[in-house]
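Worksheet for the structure shown next.
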Amino acid sequence: MSGIWGNNIKLSIFGESHGKAIGINIDGLEPGIELDLDYINKEMGRRAPGKSKLATSRKEEDSFQILSGYFNGRTTGTPLCAIIYNTNQHSKDYEKTKNLMRPSHGDFTGYIKYKGFNDYRGGGHFSGRITAPLVFAGAVCKQILEKKGIVIGSHIKSIGKLEDKSFNMVDIDEKVLITLRENLFPTIDEKIALKMKDIIIKAREEKDSVGGVIETAVINLPVGIGEPFFDSVESTLAQLLFSIPAVKGVEFGSGFHITELKGSEANDEYYMDGDKVRTYSNNNGGVLGGITNGMPLVFRVAIKPTPSISKVQRTIDIDSGKNREMEIIGRHDPCIVPRALPVVEAAAAIAILDLC
Amino acid sequence: MSGIWGNNIKLSIFGESHGKAIGINIDGLEPGIELDLDYINKEMGRRAPGKSKLATSRKEEDSFQILSGYFNGRTTGTPLCAIIYNTNQHSKDYEKTKNLMRPSHGDFTGYIKYKGFNDYRGGGHFSGRITAPLVFAGAVCKQILEKKGIVIGSHIKSIGKLEDKSFNMVDIDEKVLITLRENLFPTIDEKIALKMKDIIIKAREEKDSVGGVIETAVINLPVGIGEPFFDSVESTLAQLLFSIPAVKGVEFGSGFHITELKGSEANDEYYMDGDKVRTYSNNNGGVLGGITNGMPLVFRVAIKPTPSISKVQRTIDIDSGKNREMEIIGRHDPCIVPRALPVVEAAAAIAILDLC
Amino acid sequence: MSGIWGNNIKLSIFGESHGKAIGINIDGLEPGIELDLDYINKEMGRRAPGKSKLATSRKEEDSFQILSGYFNGRTTGTPLCAIIYNTNQHSKDYEKTKNLMRPSHGDFTGYIKYKGFNDYRGGGHFSGRITAPLVFAGAVCKQILEKKGIVIGSHIKSIGKLEDKSFNMVDIDEKVLITLRENLFPTIDEKIALKMKDIIIKAREEKDSVGGVIETAVINLPVGIGEPFFDSVESTLAQLLFSIPAVKGVEFGSGFHITELKGSEANDEYYMDGDKVRTYSNNNGGVLGGITNGMPLVFRVAIKPTPSISKVQRTIDIDSGKNREMEIIGRHDPCIVPRALPVVEAAAAIAILDLC
Amino acid sequence: MSGIWGNNIKLSIFGESHGKAIGINIDGLEPGIELDLDYINKEMGRRAPGKSKLATSRKEEDSFQILSGYFNGRTTGTPLCAIIYNTNQHSKDYEKTKNLMRPSHGDFTGYIKYKGFNDYRGGGHFSGRITAPLVFAGAVCKQILEKKGIVIGSHIKSIGKLEDKSFNMVDIDEKVLITLRENLFPTIDEKIALKMKDIIIKAREEKDSVGGVIETAVINLPVGIGEPFFDSVESTLAQLLFSIPAVKGVEFGSGFHITELKGSEANDEYYMDGDKVRTYSNNNGGVLGGITNGMPLVFRVAIKPTPSISKVQRTIDIDSGKNREMEIIGRHDPCIVPRALPVVEAAAAIAILDLC
């Protein structure tokens, strides 16, 4: 099982990169919510390929069709299903090399798990393309959260070893988050973006790829969202975030760095700010005991370098069981981080709406 | 909701630190599995407090009673419930300070979520003590996995800024893992353990606390465990790991470090090792596309410094809504890392058995 | 929440009668299963309207499109999604009368639940049309079960007060079940079918409708399927069966009649039939303690008379809150029993595959 | 899997008839609910054996211990676990006959499912005794529902062929329901109770047993509870009801009888009763489209004759695979209907609170 997620909002995802269509069914939405389809299109556009020379030239329309659960411009409260037809696939690219297991892809593990019956074209169900329906669902959830004042924003914290500034975790401005969202390559320090892009372009020229870290913040969350154990805010978010291909690490607040602090440094002491309870620091990233404390929810996600590189790589032929070499031809992103960023935000929106 | 987890193995956890008992109900175990109760006791002992001067002096018996699902020394296949009666509580310690929200604990968030009706004594349901039933469940799952040859082991990767060596991710010996498990303060470099202990003792003397990182490996996993999306190995493990109090980060393989590598460095190239498919490196930590690839599963967990410190801290009184100062009196661990380590292993065992 | 079901096989259903499309996503199918699409079409045809003068003249193509999870003629093991585009709707029929709550339909309860935002056209998500995706899923599951030798068949046990013979519950022949399935109006006593049809035609002439009982058998089930409590065979089947519109009763084996027997009459005594354990009677319908005992699984489902009748009925206008009268114009089945029968079988196939 | 149930309220049940304890963990209750423990005891007493000569003389204390989730007389909002220690078992009664499969019990199916490792003593996990924790959970849920004005009541509709009057489904008085609850053998027509008891006593004298039908009503439900498909009121209730041992049929409203009516007779026409929407009849038992319509929810449950009878019965020896005869010695109910009645109500209370 793999394609069902959630408690209050249930997602059911489906599709393969080169199949007929990909999509998602969302169950549990409130009835009567006006949906801004342009907003959804814009979010889809942030993830869509073909936007710049930093990314793959595969042009996916990513134009969605809502099949159900939407009537007279509003949600009906019954399951909302949307699909995206696949087009512009170069399926034949994959036919010749289907027995060569691309390193660090899901080819080999999928082959074994599904006994060779999985759709291998373009990574099939393992393709990053399957995150498009997640972005659709995220765009729906984000709108609903925004009506409650909850805002999500992200920036590229690092590309390779080059780092952007961090969010000031105790005080994050809504305008900053919204400005970041307008940018297809968002950084807090605008100058760093150019240098990061240089790194990516250089990687492409070298037939190589690079990874990076995405830092996301969610502000204006009420106190009391989440659960003490298995449905903690961190558990819920992490489960969704680690389902995004290429994610290899997730941390909240000061994350791994908190382990280098003393308790007296790490503890977020409370004070009354008028009627509101706040903390002087936010090393816990807005979550205590699995539950939001009203401070900004901040987390970071590690995205590995795109595994599809044009350099020669050693691999095996799964049919003959022999060692081989391969070059991955095709249209690939030298860095998936900018396109993964809206997916990370979508996961956050879905997770938080589910917990609300 | 918070206390139910799992697909094939379902856990239902309950209890408060100073209530009558804590426990867990495990549904979905195969019938006929012989359980080694000494093994379970030993695992419980690794987590239990009062073992050394590094830890709290609260003596918890942690002696479990199996109430159901166990007959003639074997599992019956019906739900296995075990409880641990609470004893040796100093509940009155908490009565006087119940309105003072301990920084970086679940006191404030729990108070708001449960509208003031939660059991505040000793952290109630938020207490680290509730991980004892998880260790019980983990000890059951570990035994079952070991019968299939799957072995789990961990070491303390760091305390504060002091680091142990790392696992050699492409080749981890079963004996090493088992040896680590025999040690209540396991490190790969034995000499580093003494220095780490010094750091902890010093923290205690300074009325402070320290955190650290736990590195865990699971070996001999078959290829094909896990799912492409929401039930990926990483998603499943992360959900459980983040439900452990004090965990603020989880990473797999090279984790956050992988973002600093080029694709050509990060990619784990395949080769045939006789009949077996292996990779030269293991930056993906044994998981590709959410599914095990047969290489060691390796992950790291960031544990924050114990929030209970005796230093004076600023906080609020939730009843009066006023700023206050507090010193946390009582028996507390200056470092929770050694006792968190068997909990992390338990989470791993449960997650993997659930996916198997 | 409403549209997700299952443990091992997960269904996610969506759609409204007059929306763009209806469909279902099936997660958890084994990879590599060859699907006979003609078989699926035939099953869909059994449910489809417009086949005879006994049913509505609305012609639904019910031609499905598989969007995912199907590659080279076989299941891939990843989610299998199929949709059916809606055509031939007369949506305007419903516009004028949308405020008149049709008696014994879901109009009023749906209006209140969804705060007036539900798609009211043709019953929307409450329409019997939404069972078409269930039949699709059932046809997939049936094929898989048949490869294991498990066969499902049904007959119309009664229309109004007119009864067909019953299955001989201790001994049901596979051929009989398959023959019944070839018939769009299956009865054991063939002569009774004509009389039943007369009852239905007469009801139509009187602008009225009739109900009936469907009796279904599943044979060649292995011993040991099902669970003692909440996932008992009866629980699992009943949950699915009662989700079919118009079902008001479900009983197993001798059902309500068993309450009139003495224990000594009702008990199904065992005997060895060669190597096989069998029972002399089968009042428990093949299920004991929630688990199959190897005898035929037999159950009966009560289908209420179609609520859409052309007679004048008293109702309310939900907008004005006034009493009104209405005649339901349109194309309606005077008896839904023959078309509900394949839906009942689909539910049985899905439930059993989920438990296997 | 078998022991987990629910969406908003999650139950996790455990225990065997002759094990150490039986119990239930209830997750998802609101915090701050005052619990009346006497009320719970009284409900437990209605199910408890040994109350009259109509029932088994096994005396079960059925005194529960709340282990968690309850503090200062109120629910905390965290999991509420309660257990009942087993006492007064005559385990040796079962040792000698453990290989003889009692007809119409779960002995044989449990033996096969659990490969012979299940606890066979007293039916183990299949015992009706495991419904005691359900009654505990039901008593908690009932109290919560009653604070919202929702009241549940039942009567014995029939014993064998002898029938009580039925509820007037369009108008059921709260007082009548509460009066029925005070009675351990509740009937609407008081005189019928004596005759029913005579039938039961006669069955005992004949070493035989009898079954019957329970009719339950739930009143003052708001409109809009339940879901259109898999979580319909009928589906949710039926899943729980069929998990009660001995239940072989469930019907709502006019149930199987509705199939004998014309649509014009069966349809429940609406009218305005002041501000309130009501129906003239209630053949649908208060549920339309899976959702409550504000009319009384009425259903009937068929309870089979107790399978434990002292008459000689034919059976098999599972060890030798030979035909045998057996007499079931021990303390057994000649009719389980009166003790099943509070279990049915408990299931109703749990199901409805879950859907609310």
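Letters A, B, C and D mark the chains in the order given here, with residues in each chain numbered from 1 onward.
Keep this in mind: a residue touches a chain if its C-beta (ideal position, glycine included) is under 8 Å from a C-beta of that chain, and two chains touch if they have at least 3 such contacts.
No experiment lies behind these values; they were computed from the predicted model shown.
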## Note on the structure
Between A-B and A-C, more contacting C-beta pairs sit at A-B
#### Entry: From chain D, the most remote chain by mean C-alpha position
A
### Task
Go ahead and note the Å separation of the Cα centroids belonging to chain A and chain C.
40
### Task
Averaging only over C-alpha atoms, locate the centres of chain A and chain B and give their separation in whole Å.
26
### Message
Please output the residue numbers of chain A that touch at least 2 other chains, ranges allowed.
### Response
1-4, 13, 78, 113, 125, 228
### Task
Using the touch definition up top, name the residues of chain D that touch chain C in the complex.
1-5, 7, 11, 13, 101, 103-110, 112-113, 125-126, 130, 158, 160-161, 203, 206, 208-213, 223-224, 226-232, 234-236, 238-243, 245, 247-256, 258-272, 275, 277, 279-280, 283-285, 287-293, 300, 302-309, 311, 313-316, 321-323
### Query
Tell me, which parts of chain B touch chain D in their complex?
1-4, 8, 10, 12-16, 19-23, 25, 27-28, 31-32, 65-72, 74-81, 83, 113-119, 124-125
